[in-house]
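Listed next: structures, encoded as structure tokens.
Each of the two complexes below includes chain A, the first together with chain B, the second together with chain C.
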Partner chain A sequence: MSEPQIVFENVIKRFGDTVAVDKMNFSIEQGEFLTIMGSSGCGKTTTLRMLAGLETPSEGEIRLAGKRINEIKPSDRNTPLVWQSLALFPFLNVVENVEFGLKMRSIQSHDRKQRAMKWLERMEISEFANRPVAQLSGGQRQRVALARALVTEPPVLLLDEPLSALDANLVVRMQGVLSRLQKELGITFVYVTHSQSEAFAMADRVVIMSQGLIEQIGTPKQVFREPATRFVAEFVGSNNILTGIISKIENRKLHVDTEIGLVIADQSGHDDLATGNPVDIVISADRLNLYSLDSPDEADSSSNKYRCKLVSEEFIGAIVTLLVETENGTELKIQKQQKDLDKDLSNVNLETGQQLWVSWPGESVYIVPAKQSAKFVSPNSPTCPPTFSTG
Partner chain B sequence: MTWRLPVIVWQLLFFVGPLLFMIAMSFFLVKNYRMVEAFEMTSWIKMFGKGYFWDSYFFTLALAAWATIVATCVAFPAAFGLAFKVSDGTRRWIIFLLIIPFFTSYLVRTFSWYVILAESGVINNILGYIGLGPYTMLNTRFGTMVGYMTLTLPLVIILQTLSMANVDKNLIEAAQNLGAGRFQVICKVIIPSAKVGLIIGAVFCFILSFGDFVAPYYLGGSKPPTLSILIIDTTKSGQQWPRAAVVAVMMTTTLMIVAFTAIKLAYSKKT
Partner chain C sequence: MNLIMHLRINADRVIRLLLLGYLALVFFFIFTPIVTSIIFSFNSERFPTIPLGSFTWKWYQTIYADADVWEAAKTSIVVAISTSILATLIGFCTAYTDFRYQFRGKNSYLVLALLPPTIPLIILALAMLAWFSRLGISGKIWTIVIAHTVLCAPFAMAVIRLRLQQMDPDLESAAWNLGASEWAAMRNIVVPFTKSAIISALCLTMAVSFDEFAVAWFVSGLNKTIPVIILEILQGNIDPQINAIGTFVFVTSITLVIIAQLFFILRSPKQPTHV
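Our next item is the complex of A and B:
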């Protein structure tokens, strides 16, 4: 059984007194599209830079293809990086930029040109080969940066928020380009971003980092539906998070006292929990339902149902985001397809201040034991995360 | 347009005016040690026909070119260190220290080299202790070069440092990431990125050295004379202002061509 392509073993990186990356352990399989995600300063870029050799770990070991690479100079690794700023050489034209890596490897001029042109054709920018970089659009420059990085046929491509400078339309197009490219080449992509939509659109697995620590590693779906910690729940997706204490366990249902009252959740997967345990309750915004007060009691008895009033309503295309307030002042966020909302509230004319029922089935509640999340809600934590986190 | 007016007036009054006058003067005549207004080619024909003028011209050109090469090469490692190897605070202090020499007159600084370079000066004394020398350093081209460096080196270092400190660090890392070693990073990224500053530093060095008379006169012994010394000699002996004007026009033209070519080179774009 061979080792994964990239292994981080107890890697620590300090800058002076600050710990940028703390005891990091994870591995990346050959051919995987791995996204490292987190807010700024969480250590995601430092992790990537250590892979490229631009930073040296303070402790621990990084292995590439089974070989320790801590001490290998960046120029001796074949781990090209696509920079956030792209870092194209302004004094070279497009094809010279792409040739750069080959030139550094002393490849003959003719061969060099041919390989560079092949990549420009593949990225559909061969017509700009002899233009100065400054004359290209953002998307075209992006393609030059990709061609420049891939021309040396590396085993791994590192990408540091490469799409953050592009406008929304172009981001979606480039995501498609990147995904397809990664599948065609079959090489490993390590992609750093703060954007959840970029991460989920492309990644096989997502690493979520906060304050130098890995919070969770999993598929986008796992991270989205089963957040390992409160931080992940807040960072990813559009979740409602309630804090409470288990008051009763009955028929494998947890009864939790929270700020909005009693919430009932399935115990499945949490056999270790006992009465009196503090827990965080995560309910994805798309799992909440709204009903008018006079509607028949559609929700079954085990579900959670609270009286609330509408605070605001916001349309983004086909999706509607509603903010409601329960009777004791807790705000909940609901995301619905417009057509589903029309069905549920067919007899109501929605307006701000409207009294409604909000409900959700017990199985849609996800429990995060509070002991794992204790450090993220401590009052001395520098940035107090908001209750809702939007994607 | 109104805002440009003072600039235009200033340029006309203090640059174009004197320049035109100098050009006009080169066509004047000298009769009985007095300058007479005229429009004759006499001085031009005289100066261009003299071997010593051309000797002096090419000698000055070569000296200034050497000074430019030496200053650029000596300044580069210093500026490189200042731009990349020290903290921002240290760099600011050193740039401040590099400005201090300009506080004192260049003439004074040149004379202090006298004491250091003389036959019985500081350097020869020290060398004497270990049984070397004495070496003749004054009144040699070496002396001239020392003077030129005194004049130009701090400025060239400052210009080079500022241009290199502004090189995008991402580009340097990108080059390393693409397989460039230390030497390749310097040649393929830093020099092309800092090209404008490096060339402007060199141009300044050339202009200052080409027109300087202090270094070649006091430290170089004025033999053979540079063009600036030739101007002094020409005016001193026989009031030959028109001939001196010919030399001056030639110098100005040369500097114009050099500066124009260099700036064009500095800002040349890839097509």
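Our next item is the complex of A and C:
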């Protein structure tokens, strides 16, 4: 059985007294688009730099294609990096920048020019070949950086927040370019970002890090719908998180006492929980429903239903974000398509301060046992079964 | 309200004029002796008096014919070129060490590297003479080169260090990442990036060495440099050929300094700005 392309085994990186990356264990399959996400200082860039050989692990082992690479110099690795600052060489023109990696591998001038031009064409910037890089726009420079990294046809491409300097429209366009490129080339992309939308738009799997530790590894959907820890639930946003203690388990339903009262959730996937266990409850903002007080009961058969008052309403395109406050003062966030909201409320206009019902079905409640440690999820490795049932 | 604004604008104007006047005075005191010397170098009268005599190349012809001056010029040029290359090399290494590495005692290292120009020249010169005599190597051309290199390396370092500070540290890592060894990255990235500063440092140190008198006078022995021979001629008699040599030295130095400044200011390739 062959090992995944990249393996991190008990990798620790210290800078002086601070631990940047702590006991990291995960693997990346050949051809995977893996995103490492976390807030600044969580160790995601350090992880990437260790892959590139720009930092050496303090402990543990990193293997690439089955070979230990801890001691291999960055110049001998062929793990090109697309830098956050792009780091294009300012005194070289576009084609010379792209040729650089080939020149360092002593490839003949004619040959390397041809290969560089091929990549410039592929990135649709061949008309700028002889321009100094300073004359290009942000998006064009981005493409030069990509071409420069890919020209040596590496097995792995590392990307360190490459889109952070671009404006929003361009980010979406470049996401498309990157996704397509990764599929066409079939090589592994390891992409570091703090942006949830970038991560979710492109990644096959997402690694969420916090303070040097992996909080969760999973598909974007798993991370979004089934956060492994409270941190992940907070980090991916648009979640309502309640804290409580299990008071009763009945008919595979968990009864949890929380700050807003009793919440009933399905037990599926949490057979290990018992009465008295502390848990965090995560309800995605798009799973909450709003009804007016006078609506008939049969309109909503949810097991969780609370009186609340509307605090604020905000429109972004077709999506409405509402904040409501329950009777004991807990705020809940609701995100709905405008047309769904209109249907639920029978086209009643909302006013701030208005009393409403907020409700959600038991199966949309996601339970995170309190202080749960990170889980290891790998899509293909039989030794590491998925921690969560999907669906 | 209006009055206060008006007064303030007027006060600004007055301060501006005063500052301009001050600047003009500074330039006047710096350049008048030099310009006077240049003018009298073309004057046929033996003594620098007004009214001027007729225009003449006489004094230039005198120094052209003087073997001692030629010898001194040759020594000065050899010393200046060797010094500039050595000092720039050392300055580059010092600046690069500062750019690339973090280490304990880095501040002391920088202070030591920048120390020589802060020591009074006479003291530096005396110390050099005593040291070279003890080693038994005083009075050779290359002892002047060593002494001048000590004096000039900090200037080279300062110029190159300023340029390196503008370099994105990722550039060098990016070169390694693309397969460049450390030497290849140095040759292909660091040196081209700092090229303008290196040329600037070469010119600047050459000018400093070419002009330098005190240290050269102490350690030169029989290998006189131009500033040393100027003093010798001055001690002998009052002779307008001094003005001619002075003009030659001034033109050489100012040319080097201007080239240095041009390379330093233009800094040929600009970094792309990251938004």
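Assorted remarks:
Definition applied: the second predicted complex is superposed on the first by the 364 of 391 C-alpha atoms of A that agree within 3 Å, B and C clash if a C-alpha of one lies under 4 Å from a C-alpha of the other, contacts with A are read in each partner's own complex, and residues count from 1 in each chain.
The rule is simple: a residue touches a chain if its C-beta (ideal position, glycine included) is under 8 Å from a C-beta of that chain, and two chains touch if they have at least 3 such contacts.
These figures come from a predicted structure and were not determined experimentally.
In the model built by aligning both structures on chain A, chain B clashes with chain C.
With both structures placed on the common chain, the touch criterion links A:G138 to chain C but leaves chain B unconnected.
Contacts of A:L290 after superposition on the shared chain: neither chain B nor chain C is touched. By the touch criterion defined above, A:M209 lies against neither chain B nor chain C after alignment on the C-alpha atoms of chain A.
Legend: residue contacts after superposition of the two complexes on their common chain; A:R148 is shown touching both chain B and chain C. After overlaying the two complexes on the shared chain, residue contacts for A:N93 are found with chain B alone; chain C is out of touch. Look at A:L159: by the touch rule set out above, it reaches neither chain B nor chain C. Contact with both chain B and chain C is seen for A:S75 once the two complexes are overlaid on the shared chain. According to the touch criterion, the shared surface of chain A, contacted by chain B in one complex and chain C in the other, consists of residues 52-54, 73-76, 78-81, 83, 85, 87, 89-91, 100-101, 103-105, 132, 148-149, 152.
Of all residues in chain B, only 168, 170-171, 173-181, 184, 188-189, 192-193, 195, 269-271 touch chain A in the complex they form.
Within the complex formed with chain A, the chain C residues making contact are 168, 170-171, 173-181, 184, 188-189, 192-193, 195, 268-275.
Chain A makes touch with chain B in their complex at residues 52-54, 73-76, 78-81, 83, 85, 87, 89-93, 96, 100-101, 103-105, 130, 132, 148-149, 152. For chain A in complex with chain C, the touching residues are 52-54, 73-76, 78-81, 83, 85-91, 100-101, 103-105, 132-134, 136, 138, 141, 148-149, 152, 165.
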